[in-house]
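In order of appearance the chains are A, B, C and D, and numbering begins at 1 in each one.
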Amino acid sequence: MRVQAEPFDVGAELAAFAAGRQDVGAEVSFSGVVRDDGGLAAMEIEHYPGMTEKALAKIEAEAVARWDLKASLVIHRYGRLEPGEKIMMVATAAGHRAEAFEAAQFLMDYLKSRAPFWKKETGADGASWVAAKDADEDALERW
Amino acid sequence: MRVQAEPFDVGAELAAFAAGRQDVGAEVSFSGVVRDDGGLAAMEIEHYPGMTEKALAKIEAEAVARWDLKASLVIHRYGRLEPGEKIMMVATAAGHRAEAFEAAQFLMDYLKSRAPFWKKETGADGASWVAAKDADEDALERW
Amino acid sequence: MIEVLYFAWVRERIGLPRESIETQAATVADLVAELRAREDRYDMAFSDVSALRVALDQELAGFDAPLAGVREVAFFPPMTGG
Amino acid sequence: MIEVLYFAWVRERIGLPRESIETQAATVADLVAELRAREDRYDMAFSDVSALRVALDQELAGFDAPLAGVREVAFFPPMTGG
């Protein structure tokens, strides 16, 4: 689990992920990208140093235990990002595909609503905080 | 969509995937790995040249249309593979995470049961064809 | 004249990957009956068609599908890709 | 003495990221009431607590949670990571 201001390389991370393990049959990765819906100049991500790391470690440990993951990875950036930049990524490695997919979705759902990050978007009309979606909170109920 | 005997590099594929697109908010990748459950020496993958490409193209086109994918990728190897080698990968890029995850799972479920590949495992006790699982056929019913 | 292809253990049991067959079979099931009557290795390979799949001109089909106009028939076990 | 942290628009409305507060508040809700009584900017920031979340010593908690033994309280809007 890493919380960092610096960019990361999804391809390089994934190439190194679970390398050499022979009990892994399925690997899933997710990455979130700064999307330009029209006029977005930049995204600023604020976080809560200390709590962020604790929350991510807890979510990751729960996923590893629940789906018997052979490997897992969570990286989340903070600070200023531009459209097209990767915000975060998760990766899961398991024996079979169902577990790898479920665990990655679990990580994402919890990370969205339970890890202390806040996004502020700056566009032509000024800056505004991204509002949490009810759908993201509701997504937790399936787990 | 590529069907090939040669190894591929998941990291490099994903680094190039959907690069530069600003309408993408979420990217999901899945890769299948030759898993050694104990004593597996090699896996031989047979396929049906011609039909394989048609089946994969059809499955991919359906996923792109159904989830409005901004980009998609399907690579599947055939021939001899050793434990730890990547068998195949899919990647999906969409506006939001739910679509990217669903489309990747749809691709995998159809690819498992509707693309003409057959796996033969060679181990200490000789060689045997991998049997199709009822669960894989059942997985199609959710779509 | 129709091209008949065999894959995976069907290919191994019959002992060849493909052959051209002169047939008047109206359906896949009729073709299977003709093949089974040929030799034991065919009879064994097709003994349980519920364990087999068939593709006509590279599209999955049923065993009751007509063969009129079909150039390529393939028999194989359930697929195990991914 | 308790450390109180503010994030995102809560931080912007109150105008500072953190402060040390001397308080006898028994619960989070009591602390919120004390803060609201201080100045308008606090009153406005806490006007709708249903739009806020609170963490005690870096763990999410409810507004009715007791403050006994707590060293760090953080107020922020619903999280939007990922």
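Everything that follows uses one rule, which is that contacts are C-beta pairs under 8 Å (C-beta built on N, C-alpha and C of every residue); 3 or more make two chains touch, one makes a residue touch a chain.
To keep track of the chains, here are their UniProt names: C, D = Molybdenum cofactor biosynthesis protein MoaD.
Small disclaimer: the values here were computed from a predicted structure and weren't measured.
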Separate pieces, if any, that appear once chain B is removed in thought: A, D | C
| item | value |
| --- | --- |
| Chains touching both chain A and chain C | B |
| Per Cα centroids, the chain farthest from chain C | D |
| Chain C and chain D: spacing of chain centres that average the CA atoms, whole Å | 72 |
| Separation of chain B from chain C, taking each centre as the mean of its C-alpha atoms, in whole Å | 26 |
| CA centroid of chain A to CA centroid of chain B, Å | 23 |
| Interface hub residues of chain D, defined as touching at least two other chains | 82 |
| Touching two or more other chains - residues of chain B | 32, 97, 108 |
| Chain contact topology (line, ring, star, complete or other) | line |
| Touching chain combinations (by label order) | A-B, A-D, B-C |
| Of chain C, residues touching chain B in the complex | 5, 7-9, 11, 55, 58-60, 74, 76-82 |
| Complex contact set, residues of chain A against chain B | 9-16, 18, 20-36, 83-84, 95, 97, 100-101, 104-105, 108 |
| For the chain B and chain C complex, residues of the former touching the latter | 32, 45-48, 50-51, 54-55, 76, 87-88, 108, 111-120, 129-132, 137 |
